[in-house]
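Take this structure first; my questions come after.
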């Protein structure tokens, strides 16, 4: 509990963060930037888990567990994504989205 | 009396055709000639025997000649309407059998000499067989459909024979023209048959021609545009006949048909096939006469008279001897039509009909003779044109004499056959229609003139120097000439009025002395003029043609009818109808279908664009969609 | 095994046998044996049919029925009458002739013959089926191999043509399917169960509204295959690109499915709809007759000429069917047979000319009669038969059509009849133009002097087609009567 | 006091998040993201989830960001400016996001959260026990699954990143 801060304010902040992430995900043209936007989205939702756990069901810890899992998955995902990006870079010397369209259609 | 054996008359030439056609290359030319001649001799013998039996052994029963019909059903339409195949024996069909078999036999014999050495020799005899078969079938037909069937078959034989020299473009074009023009005429014939079949319920000549039958009595039961529908049918059928018989304005194919070998011209385009139209009208004569008081018959008379005059005028100016003869044929056919047109039905009234058939007979003989004679000349000088001929009497005595006989016969000089038949026609015309009589008598003069122009041009006139000295043709060619000359001289004495009349009863014919004298004088004037102009080489003729100037030019160009037809077919049908249809098909009909296809492709490309494969685009649509759905479900769709 | 199912089984067995063959020689031998066997069966069928007909006067004879899809009451239900027997005989003849004409098929012979036989299987199945669904199934089996046959073995813009043909026919199938389902879902109008069986549906009084709605769909669905104007454009391109045997089979047999389907399904099952709509479709058919003939005049490609001629002649079939008259119907069936043989013959000849001269442009051909007299003579004969010369099949068919069409005193129909009759002149024009140009006249190309002679298998193929053409033309009575007798059931509904 | 800290953190997070997704410089963008992640850790501290905050700092700020920075320096020229989307697209997306945000917020604010006032401190031990508990509500199974997933992704990352033998052409770029 944060003294003087209601759950609404926190959720507002996380919503804003979430949409900033979405905005970035759609507008960015670079694979790494997109990855970063995804991190933003993930984090916004992690906060939600935690905050709802804390404010509404303080006796339980599910929210916390979930956030831990999400962080773990995010780490794994990032590792993989970075691997892919590097490999891609080796293949085509670029990590721009527009250069990776050969598999389209 | 059993006439079943008559079926052999057409079948023998058919067998010869199949034999020669299928084993074309395997048969030696000499043998194929013999096969053809042997077949036709048998047919001819049978024909003569039939004629003898029919006219003299059986003769008249109760004062009229009987009609014998034997037929089998060939195809059923309904229980009552069917196409039969069979033979019909009555005076005109028997007479036609004699004409066709005689001429055909003569031409067969003649061709053995004329076609010698040609590499299509066997094919030629095969086609002659096919033609003889079809012509016999036509003559013996028992009903309208059968006659139509054989009508088409003679048409195709004519096509094949005109196009016999198929490597020559002009021959191919002429064959095509002949077929298409007659085909167009047959369209009328066919529609006429359809009308008759529907309104009378039968195609049988016997039923149709019965003067007390329902067809003739009930002709007024239905009408179309002010005329009885049966009259329309008869007019349309006459259209078919006019096409085959080269009546104006469907005559244009006949002069071109002279591209065929000369024996073919003699057989098909002078003596037999072209009279099919006359025969058809004669065959349906009671209908023509009784339905609507002979309205259709009047049309026949006027068309015949006009064609006769028209062709005679053109014939004067032509320089190709075969074309002169072709126009002469057309003119004489018009004569026969005219005679039919002015004929009555009962007793002596039927003189026109009788004269027409009489003239058909005599004309077949002397016109075939003229053609064969012309063939003999062409064979000798290797040219069709008058300018390459002259003084041939010294080289070709037999041809000269026989040609002269034929020319005298066609000019109506006493006592040759043409005199008798032509005289009867003029009598009939004089009794029924004075206008037509004057046309007839004028044409008679013209005929004598152009015929002797031809005769003098070929056998007298200028002394032409020939590269190869012409010589008389071999016996195989001169023999038929002599036979035909003999018939041309004496066939006038056959008592046709006893044998062939519309009511089949016969009547006593008398020579109408004043009319005969007038006709003879006119004929002699024509011959005299020709003698002055063409006997010796002089420039009278040229001066005259220059004097007539434009008229001469028009006549020489056959009044530009070929050009008119060419204009209609080439410019109008090909370019104005067929061309636009082809374009319409490509652009509009096909274009529509194609357009549908192309539009589908374009739209699918557009749709494919949405499916860009970019995750970000999908995300955008996903977000946008989710937002819209959320808006809808949360705010708009609240109960 | 019953006599009809064999017509489906034997081609399938032949196909299976073909799978084990190697090379052209074995493939064509197997196909030939199979096709000859089919011809034998067809002859046997005719004899058996006459025997059976003498003691059995039901609409269809040799009927058999197996349920193969119970929920929708779909049966494998077969039976024949005079019409289908005649068309089956036609099919066997054309297939056999097609095999002979493809004797030297060099590319992928095995696959080619397999496709050809699949096609014929579909055609046989179509003709013997009396269950709408099974019929439709066989129809599709017959249409699909066309795509492969044209697309793979064709010439010219073959992919385009194959695509166009298949798409248009598939489009028609879609329309047809709606029509068939429309009939199916109205087949219980009298309170019975839903059924696809034609004979059972014929007994049902389908409501007039439904007939009015579904007749055009069913009619167009079939008539597109019968080259109804303005849905004919697939046919010239398709024929032009198809290999010879395929053109033969397609124009000779497959296009007959259209007329047959119109007659057997659309008109038989929806008689009131037929009467209601006939005025409209008869105009289209009559236009097609004249239009096709004029269209043919201007073409320069031999195959295009023939394709447009087919539009004209098949227009005549549809025209005759829609005149609603027994004689004309008889004529329509005869015309189907006659056109099948004649057009197959034409395509075979065109194939032979093309195989020798490597061109189909009539301006580049001329005077071939001198070089290859056999082709020339047969070409003239076929041309004459095509323009309705007596003594050949075309005349018999056309006369039946014209006489029949003339039986209706209605002025409107008279005018259309005269229009249709006038096509015989136009036909004469383009046929003679064709014959005169390519066969007669002077030789245009010196290279043609050494064209190869006609081989025995080509002659066999041609004679196979020629004999029935002449046979039909000379003695049409038995065939005409056989068909006529089968028309009676149809009279009741429409007349 | 905590309230102000929260506001400051929120401001930092939002501002740097925006900066992170709009910056044209790659590396800066990553650093901005780092600030955001740190801010999130701060929030965890504020609501007394110290362990979580620690994880956030170590794994995210310490691990993932470093990973990203590595990849950036590996594949990216520092000086290069990033390409941005078209203006129209930016506006469109921004608009969509704003509307979405509006929807979110109205939903959130119209929902009566049943907040339980508390001051419970969660110890690391509680978390450890919860994660490894076999009892009802225990998370041992997901825990194991996650461990396997991590292993798999590690192997995968190695396999992918290792790639084929480098060609001459690519040598110059490395």
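Per-chain residue numbering starts at 1, and chain names A, B, C and D are given in the order in which the chains are listed.
The rule we apply is simple: a residue touches a chain if its C-beta (ideal position, glycine included) is under 8 Å from a C-beta of that chain, and two chains touch if they have at least 3 such contacts.
Here is each chain with its UniProt name: A = NADH-quinone oxidoreductase subunit K; C = NuoM family protein; D = NADH-quinone oxidoreductase subunit J.
This one's a predicted model, so the numbers in the text were calculated from it and none came from an experiment.
With centres defined by CA atoms alone, the chain at the far end from chain C (NuoM family protein) is D. If you average the CA atoms of chain A and of chain D, the two centres end up 5 Å from each other. Chain C (NuoM family protein) has its Cα centroid 67 Å from the Cα centroid of chain A.
For the pair chain C (NuoM family protein) and chain D, the distance between mean C-alpha positions equals 72 Å.
Centre-to-centre, using mean CA coordinates, chain B is 37 Å away from chain C (NuoM family protein).
In chain B, the positions touching at least two other chains are 620, 623. For chain A, the set of residues touching two or more other chains reads 22, 26-28. Within chain D, the positions touching two or more other chains are listed as 93, 97, 100.
The touch graph of these protein chains has some other shape, matching none of line, ring, star or complete.
Chains touching one another form the pairs A-B, A-D, B-C, B-D. Of all residues in chain C (NuoM family protein), those touching chain B in their complex are 164, 167-168, 229-234, 291, 294-295, 297-299, 326-327, 367, 369-370, 373, 380, 384, 387-391, 395-396, 399-400, 402-404, 406-407, 409, 417-418, 421-422, 424-425, 428-429, 432-433, 436, 439-443, 475-477, 480-481, 484. Interface residues of chain B facing chain C (NuoM family protein) in the complex, by the touch rule stated above, are 24-25, 73-78, 81, 83, 145, 148-150, 152-153, 156, 159-160, 163, 166-169, 172-173, 175-176, 179-180, 183-184, 187, 190-191, 194-195, 197-198, 573-574, 577-579, 581-582, 585, 589-590, 592-594, 597.
By the touch rule above, chain D contacts chain B in their complex via residues 92-93, 96-97, 99-100, 103, 106-107. Residues 1-3, 6, 10, 13-14, 17-18, 20-22, 26, 29-30, 33, 36-37, 40, 43-44, 46-49, 51-52, 55-56, 59-60, 63-64, 67-68, 70-72, 74-76, 82-85, 89-90, 93-94, 97-98, 100-101, 104-105, 108-109, 113-120, 122, 126-127, 130-131, 137, 139, 142, 146, 149-150, 153-154, 156-158, 160-161, 163, 166, 170, 173-174 of chain D are the ones touching chain A in the complex.
Only residues 1-13, 15-24, 26-30, 32-33, 35-37, 39-40, 43, 46-47, 50-51, 54-62, 64-65, 67-69, 71-80, 82-87, 89-90, 93, 95-96 of chain A touch chain D when the two sit together in their complex.
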